[in-house]
Amino acid sequence: MKKSFFALALLTVGGAAQAQSGVTVYGNIDLGVSKKTGGALTEGRRDNNRLGFKGVEDLGSGLKALFQLEIRYDPDIGTVEGVSRPLFQGQSRVGLQGDFGTVRIGRGLSAYQDSNVAFEPFRGTPSTAGFETDLMVAGYNSQPLDPAGSSANRFSNAVFYNSPVLAGLHLNVTVASKEALGNPVLIGRGTAAAPQYPANARLTSNPYSATLVYKAGMFGAMLASERNAAETRLWSVAASVQPSRDLKLMASYQSQDQDHTVAVNSVTRAWVVGANLDIGSGTLLAGYGRKSPDGVVPTKQIGVGYEYNLSTRTFLYADASQRKAATSVNFYGVGIHHRF
Amino acid sequence: MKKSFFALALLTVGGAAQAQSGVTVYGNIDLGVSKKTGGALTEGRRDNNRLGFKGVEDLGSGLKALFQLEIRYDPDIGTVEGVSRPLFQGQSRVGLQGDFGTVRIGRGLSAYQDSNVAFEPFRGTPSTAGFETDLMVAGYNSQPLDPAGSSANRFSNAVFYNSPVLAGLHLNVTVASKEALGNPVLIGRGTAAAPQYPANARLTSNPYSATLVYKAGMFGAMLASERNAAETRLWSVAASVQPSRDLKLMASYQSQDQDHTVAVNSVTRAWVVGANLDIGSGTLLAGYGRKSPDGVVPTKQIGVGYEYNLSTRTFLYADASQRKAATSVNFYGVGIHHRF
Amino acid sequence: MKKSFFALALLTVGGAAQAQSGVTVYGNIDLGVSKKTGGALTEGRRDNNRLGFKGVEDLGSGLKALFQLEIRYDPDIGTVEGVSRPLFQGQSRVGLQGDFGTVRIGRGLSAYQDSNVAFEPFRGTPSTAGFETDLMVAGYNSQPLDPAGSSANRFSNAVFYNSPVLAGLHLNVTVASKEALGNPVLIGRGTAAAPQYPANARLTSNPYSATLVYKAGMFGAMLASERNAAETRLWSVAASVQPSRDLKLMASYQSQDQDHTVAVNSVTRAWVVGANLDIGSGTLLAGYGRKSPDGVVPTKQIGVGYEYNLSTRTFLYADASQRKAATSVNFYGVGIHHRF
């Protein structure tokens, strides 16, 4: 509702009353300097940067209401992420949690994009030395019909379900509406005159994403299936093992099929193996991955990083990687990560 | 002032000192799914969504300083409201409160748009099943010369006065400056070559809005008069009665005269009647309204809704409405509303 | 990292855990009405408006991690500052503080723009009656190659160092990367066909800014040198003295040399003298300044203001100024400033 004519009275006493609702302001800031083969020394993020607002309300009988709004930003230039992305690029969701699990509505990471980060050696960060953005998801885009500039791993206008954990198993399902969101033209298997997806076309199928995640003792595993707004299909399997408290080993395999919109070389396969090893006051991250589109030069990447903990909330890091595809690119970066 | 070279010192100790100033972070998130005749199932809001920051400072002698900054956003896609509206679309105001009442300066709801929500059966929300946006204000726009995409019920560059309550009476007055705000062309009674309001034209009159609100015991009433930036005039009367704690009945009538910019059928009249009835753990909302522009098919709407309270801060809702004008549209929606 | 599949668990318990990280929400809101010769009565700010988030984490051994994110906004119309500036136009920085001083990375005021405000009679505010924006810095722009609409006194992609205070001396150094930021064409000493700085050109030199600030007892002083992205050079000296607790006198001189991009009249010199005098419950601000580009009519300005304190956080103000250049402009303004 809009502010009523009693708004002033509410405003006056609101300080105390509203404070009890317990909005948590949280986030992180990650910034460093890096250099790529042939490039200048630049400043930028290794991880995504967040400023968020969230809260949980106990409704009694084991039921909770929860919400989360998450700004994403680029601290090197002070803008929202990518200059033009949505203010709450991170997520904007509200929902209920109870014995049945959690149901949320809004915009957020698809089940697959949310689950796979546990099997990526750089913790799912978009670090150039890491594997999440290009290798891990095989260049897959969860929202190819969203306006240009949007990130590639979220569903808008979606419902998110997370089951309770049963015998270590956890089911996550995301389904989006068929709403057009001002999407750009996607020629696909059509022509410029008759594109497969005209501008702002209503979707023909509901995008969905589902993961079954297992976690018990030292073992973790994931089975995933997703179909995006352009009916590209992806499936993935991943597993991790922690033979000791200091070491986590992980591996994943994924395959995407763009047959609905791409006529040739429509299948892309990728795998990534990696490890996290606690050494001294920090953690060593290492991984190797390959992506093999049919008929195209495969991409190979090796990446290593070290996170030196100044506290549980703050660490310094150094990364290096070599990526070989049609051309080869080396990358070096150092920086600071602070959580608040 | 800009940060001085003592800023670091301030930063270091600021955590404690600033915390005392007691900024309250508040807001709400409202999201559901709905369907209109001929449309797809879509996700979207029933109420406006807010993330705000506000505070009150006691200046002594009954004087208070107060501020409020209110982000409005669309959680289905994570953007600011309407993708392109001002960040603080809700309001951005600062002022003083004392024995004389409250004086604020900035941008916010006009006195009329602020007061009338108490007489609208859907509490002034922009719900499709409700009456606020189209019926209640007869399609009236408080800021017709603001840039495209702005909402229709605020004054920018304004001063807001709210009197103290005297014998149940409360006077609210809003006056805006004549500043041009990058306004678009409004042809009005001019021609394309010589529009009545050229682009970015300075206003010829100060927009104002005034309401006299009465509230005592079971009765409430409002008298309102407003003139917008294009000199459209609106007046309204409204009343409510609460025969019991469970029931509130309300009615309103409004008339807008666009004679300054519209040559034919310049007068629009509307009335809305409605009721709020507490049933079980929730509230039933119901209303009927008509809008009758001269010489145009009148618009008639009936709307019902039910809000099921999970707590004082969270409810689920279901709405349905039928709107008859040149064409007829049925609407159904369900969702969740959470306040924080 | 992205949200893992444990995000929900974190969300649930996050309220308590995250609250301990102690994000401080702070800011100010400043708004008033003013009139210039030949202009309408308009509403607008005297000072910049901020809504910020900051925090300090004690890392032990005298080491601290600190961050600060600062939104800037225009409360008269509810937008981010200048409608299109970066969300965190104020600053977005993270860093470490210890015996070595403070090192931060991100976007913020250059050392010069940060230090000079202590020597400006209107406290460095952009008030029309004040001297900061035009006179004090001689119209100098710290970021001439940033996208149109950016403010003129920040470095993006920069590293900021502030030394510890030693014998009253304080060294501040800012160095920015050579990264292109989508900068517009700057013809400079080139031609339209071959501009000196083409669109999005990588910089040829690292922008830097350095100040040496002295503060001890009643005396303060500053030596400054800066070179911006278009290799314009600026140097400045400034001093202040406080003969009593009630009175502060200040003076500054600055010279900028645009020889790198401007062929004629490339040198601009400016000086400003001013005083702050506590009178009653407020402070009188007064200043006089001149700017003398070679071969161009000099600009002269006299400005006075009075800040009447309602509390340590809130004051009312009245300003007046006369500015003489090719044309003469008088300015009058009153308003309120509230810090939270």
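Lettered A, B and C in written order, each chain numbered from 1.
The rule is simple: a contact is a pair of C-beta atoms (placed from the backbone, for glycine too) under 8 Å apart; a residue touches a chain by one contact, two chains touch by 3 or more.
Computed from a prediction, not measured in an experiment: that's the story for all the values here.
Undergrad: For the homomeric pair chain B and chain C, should the interface be classed as same or different, according to whether the shared residue numbers exceed half of all numbers used?
TA: different
Undergrad: Could you report, rounded to a multiple of 5°, the rotation needed to superpose chain A's C-alpha atoms on chain B?
TA: Copies differ by a rotation of 120 degrees.
Undergrad: Could you give the separation in Å between the centres of chain B and chain C, each centre being the mean of its C-alpha atoms?
TA: 36
Undergrad: Which chain B residues sit where two or more other chains touch them?
TA: Residues 22, 25, 55, 87, 91 of chain B touch two or more partner chains.
Undergrad: Flag every residue of chain B that touches chain A in the complex, lowest number first.
TA: 22, 24-27, 29-33, 40-44, 47-48, 51, 54-56, 64, 66, 68, 71, 73-80, 87, 91, 97, 102, 109, 113-115, 117-118, 122-125, 132, 153, 162, 170, 172, 211, 213, 310-311, 313-314, 335-336, 338-340
Undergrad: Where on chain C does chain A make contact in their complex?
TA: Result: residues 1-8, 11-12, 14-15, 18-19, 21-23, 25, 53, 55, 57, 59-60, 63, 65, 67, 69, 86-96, 105-107, 154, 156-159, 177-179, 181, 202 of chain C touch chain A.
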